[in-house]
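Here is the structure we will look at, set down as structure tokens.
Chain nomenclature is as follows: A, B, C and D, assigned in order of appearance, with residue numbering initiated at 1 for each chain independently.
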Amino acid sequence: MVDALSLLMDPLFIDIMIIFGIYLILSLSFNIEYGFTGIPNLGKVLFYAVGAYVAGGLAGWIALRLAAFTPQQHLGGPLYCAYGAPQTITEVFKTNPAFALGVFLLSMVIGAAFGAVLGILASYPALRLREDFLAITLLAFSEIGRLITRTEEWPVCAHYGIRGLSTPFAWLGEYSLTVYMFLVLGIAALMYMLAEKLVNSPWGRALKAVRDDELAAEVYGKNPARVRAQAMAVGSAMAAVAGTLYAFYLGSVMPDDFMPIVTFLAIAMVMLGGTANNRGVVVGVAVLVLVDRLFNASVLERKFGIPLPDYLSNSIAYLKYVVIGLVIVLILMFGPQGLIPEKPLKTPIVEETKKKLKESVEGGEG
Amino acid sequence: MDVLVAENIYGGYGDSVVIQGVSIKLGKGEIVALVGPNGSGKSTLIKTIYGVARLFKGRVLFEGQDVTGLPPEAKTRIGMSYVPQTNNIFPDLTVQENLEMGAYIIDDPDKIADRMELVFSIFPDLKAFRDRLAGALSGGQRQMLAVARALMTEPKVMFLDEPTAGLAPKIAIGLLKTLIKIREETNIPMLLVEQHARRALELADRGYVLVSGRIAVEGRGEEILSRRDLQELFLGIQRR
Amino acid sequence: MRGGAEVLRVEKITKTFGGLVALDDVSLTIREGEFVGLIGPNGSGKTTLFNVISGVYKPDRGKVYLFGEDVTGLPPYELYKKGLVRGFQIPRLWKGMAVIENTATAMRVAVGETPGQALLKRRSWLRWEKGILGKLHEMLENLNILHVSLHTTDSVSGGQMKLTDISRALAGEAKILLLDEPTAGVAPRLAGDIFKHLDWLNRELGLTIFVIEHRLEVLFEHVERVIVMHEGRILVEGTPDQVARDPRVLEAYLGG
Amino acid sequence: MVPTLAYTVFRAIIDGLLEGSLYALMGFGLTIVFRVTRVANFAHAEYVTYGAYAAYVAMVAWGLGLVPAAIVAALVVAGVALASDELVFKPLWRRGSTPLHFLVASIGVGLVLRFSLQAVAASVPGYLNIRLPEFPSTLAIIGGKVAINVVHALAPLLALGTTAALHVLFTRTKLGKAMRATASNPTLARISGINVIMVRRVTWIIGGLLAGLSGFIISYYIQANPEVGWNFLLWMFAAAIAGGFTFYGTIIAGIILGVVGQVAIILAGYYLGVTTAYKPAIALVIMVLVLLFRPEGIIRIQSLGLRRRA
């Protein structure tokens, strides 16, 4: 009992669980787009960033209004970029539970809405381009986005970023992160169920139809442009939710947190687990989040007492990306289906047919 | 001795067997036409013999030697030359470069030059356009180039898959006449798949009529054309 | 000759690719309840005509009318809504999906095809799926692919792929069905069965069918009217007997 | 004010030519590999980085001169490029992977290359930021303001030289023609008896050689780090895409992109107050616009007639 409690308060454990939850949502969203619909959204991180920035901007702005904050020295850009703003924001989080919880919910809703709209806009090139060029275009979109966040003070404070956020449970003091972990895992579980319900449906079949043969899908009444826009809307809204969770966890939103490598990580997770299989994605995310968090010198040395030679302690943070790159390559070469391959969608058409076929086999034997 | 003998060929794609036990042969200097209604498997037969389509069963002998299962490029090296129906030129290369690539397996430059001269004497049009991009040629010129490219390898036998497909009648007949000319000058035997059965049977020495993956009739061209059941044969409506 | 109101009318369609004239001033009419065959040598423009009718290509000139309505240039999914379904010569199956899923995806879904409905109208589409199961199983049973209905379509045999494609065309609940060589690559006996099935649909359900077919033997047994194309034009039109006896048809096929 | 602006623009053109030559060299490698093997190779960026590091190691650790270092860089990267094909892309091609799979695999290869270098650089002192010890000397100073360095001449000359050499290869040699033939119609190339495997190898080697040279120039020109190639990735794709993946189109598009990028950002800063931080956006926007509205490219040189077909 004591052990369980200390585990629940353990920063590394909390960190792994929260990152797992966030990446699970991000990877599920990539799976809807890439796995089910065949849109290679190499710009995934852009929509993740949208959620994070909406959360940061909204929380910062409202908190400062509540605290009637006036900057001593204004640096340009919105109020929350001002000197001294982060401290004030943190203070409001700590003292005003209604604000903290309210702004969290609001950010998720507005962030998801922003993500969805942007996703629909970004689905436009998917009509005109071959898959590989589409991938490059979407990657370019996300890089343009990052360039803007790095450069513009309004509304994102440029390289200074939006700081001073906290978890919506900051007012709980030392239990804040533990409670937040449960919230993140809860939302991730909800998103998993949502994703499962969404794709195991006639809509899921429409997605796969557009993925497998667009012209045939058209002949049977599916409008590929609409189907893709829907997939991108759903996927991008989910990615934005993941971004919101990330912002409240980390407490800051910085442009360089949204490099293409985040997208690549999500790709590796989906491919390892199994494209077009949400259960597989859970496995893929679990494995690679562990790699991501445990390939860390201070964790290995201080936490687990594993001594590392100097050259490893300097380089281990980079080696994890080597592992991720290898995962992508090896999966493509030796098992493109991933650990858990794609299966027929779980709708009555398949489930009842399974039963019927089984009965007829048994009947035949008897 | 026959140059090419294909015995009891079963061929097709994936797991569907289109050619159902066909045997054909090709003698020295012979032009043999392979005709038949749509979907009867003419192209598939030629592809199966050459090794582009899947061979399920049967044997291919070339100059008495068993070449069954040899990959297409190896067949090219031993003197079997193939003109595919489509995508049969390098559109981004000039006419001359196309011919050079046809002669890729020949190392002796003098031999290539001789070959090129021969080809240009047969196809004077190509000589005029030698520096033009093949992709810019007209349909008829493209087909000539395709045949010319295949001739560059010094083949001992040629497989032609519908060289006149999509050509206007006059140009198509011109091309077929050129094939006769090639035979006169080089004595290379040819296996010719043709949609236009009448034209093909009139010029060929012998013909096979393929119906539903089987040989329905074989014989000399005019023999086939004068048959009373020609209509049924070519429309694939066989009344037994 | 049967035939009621006009279902499909093609008026003076011309379609060129580069310099090549694939369709040259083609006009034809298909009436309700008809079973019509389209034949002609390779490259005569049959598949291009189907592609123009079904919205895959836009014609250079001319009009396509469906139930009297001008549908020229409408995308295929709009035509599907109006009741036109077409098949392809080489089955274009959704290869990552099971056989039965391919069939089900082709059905006219009432609800559940958008993300919102998939979630919020769950009960309603679940009911729909359970409701159509019997019909679906019967159809696959008839086509003799029920036993492989849970295999993905890239893992079944060529013949079964063809049958899956046909099951899809049937599931589309078309008012007019365009089929491009439904028997290509299937065994002769199966080809006969497929046509018997089409004949049944045509007679019993009044489905209008327009079919490209190379196996004239089978085709002529079932259709009441045959249209012959040659070099992008309509050469002859008539009953199977008339067509089979017409010397122009033989010349077209021999390519004189 | 005007003379200053004029000098600034002149400076921008000089720098733009240098950068453009780099985009051309890198984009060309991307193009040739894409044309022959259908791999849209993200790892090409990493080849460039490896070129920079190989040149540095050759000069600092082995004490070689500038020219031998350039040769070492080219050869090492040719080896790396060839190895990535033999180990990854060729096996994938054999099992019938799609172009998208190639692209995703190349991301994986890129990650492996970049971060294993990153890991080494992090544990060897002095390797996180490198610059060749021999600095480019000044060739001329124009108007007392604009210094033209050796590297400003070197890059365009190298680009020109390689173009000329490749032109000879592609039009005069059997091997070069076979490469073009394979790019044009792979099936017919095989039927004609062309050794497509050999063609493939040579293609990767040439792509690698050019990337290695580019990396060498970069580390001669600016300070390089393990991410330096990655920062050029979208520029090289922009050059290849604007050039319609034609051989000469890519080279010309690359040079134009370099000059336009530099000049446009200077002018935009001067007249509109846009910061130079937006320079990469020019490449990105051009690339996206070309892909969306003229996917066949804007500068397509057909004298060698290498058109891109769907």
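Going forward, a residue touches a chain if its C-beta (ideal position, glycine included) is under 8 Å from a C-beta of that chain, and two chains touch if they have at least 3 such contacts.
None of the values given here were measured: they were computed from a predicted structure.
Student: How short can a path of touching chains from chain A to chain D be, counted in steps?
Tutor: So the least number of steps between the two chains is 1.
Student: Look at the interfaces A-C and B-C and say which one is made up of more C-beta pairs in contact.
Tutor: Looking at contacts between chains, A-C has the larger number.
Student: Can you check how far apart chain A and chain B are, centre to centre, with Cα atoms defining each centre and the answer in Å?
Tutor: 58
Student: Between chain C and chain D, tell me the centre distance in angstrom, where each centre is the average of that chain's C-alpha atoms.
Tutor: It comes to 50 Å between the two C-alpha centres.
Student: Could you grab the centroid distance between chain A and chain C? Build each centroid from C-alpha atoms only and quote it in angstrom.
Tutor: Between these chains, centre-to-centre, one finds 44 Å.
Student: Distance between chain B and chain C based on Cα centroids, please, to the nearest Å.
Tutor: One centre to the other, that is 34 Å.
Student: Between the chains shown, work out who touches whom and classify the graph as line, ring, star, complete or other.
Tutor: Shape of the chain contacts: a ring, since each chain touches exactly two and the loop closes.
Student: What's the complete list of touching chain pairs for this entry?
Tutor: Pairwise, the chains that meet the contact rule are A-C, A-D, B-C, B-D.
Student: Report the residues of chain C in contact with chain B in the complex, numbered from low to high.
Tutor: Spelled out, the residues of chain C in touch with chain B are 19-20, 41-43, 157-159, 181, 184-186, 188, 214-217, 220, 244-245, 249-251, 253-256.
Student: Provide the residue numbers of chain A that touch chain C in the complex, in ascending order.
Tutor: On the chain A side, the touching residues are 194, 197-198, 201-206, 208-209, 211-213, 215-223, 230, 233-234, 276, 342, 344-345, 347-350, 352-354, 356-357.
Student: Quick one: in the complex, what on chain A touches chain D?
Tutor: Counting only chain A, the residues touching chain D are 40, 125, 128-133, 135-137, 139-141, 143-144, 147, 150-151, 261, 264, 267-268, 271, 310-312, 314-316, 318-322, 324-329, 332-333, 336.
Student: Hey, which residues of chain B end up touching chain C in the complex?
Tutor: Within the complex, chain B contacts chain C at residues 13-16, 18, 37-39, 139, 165-166, 194-199, 212, 230-231, 234-238.
Student: Where on chain C is chain A touching in the complex?
Tutor: Answer in residue numbers: 54, 56, 75-77, 80-81, 85-86, 88, 92-98, 100-101, 104-106, 108-109, 111-115, 117-119, 122, 125-126, 129-130, 132-133, 136-137, 146-147, 149-150, 152, 168, 172.
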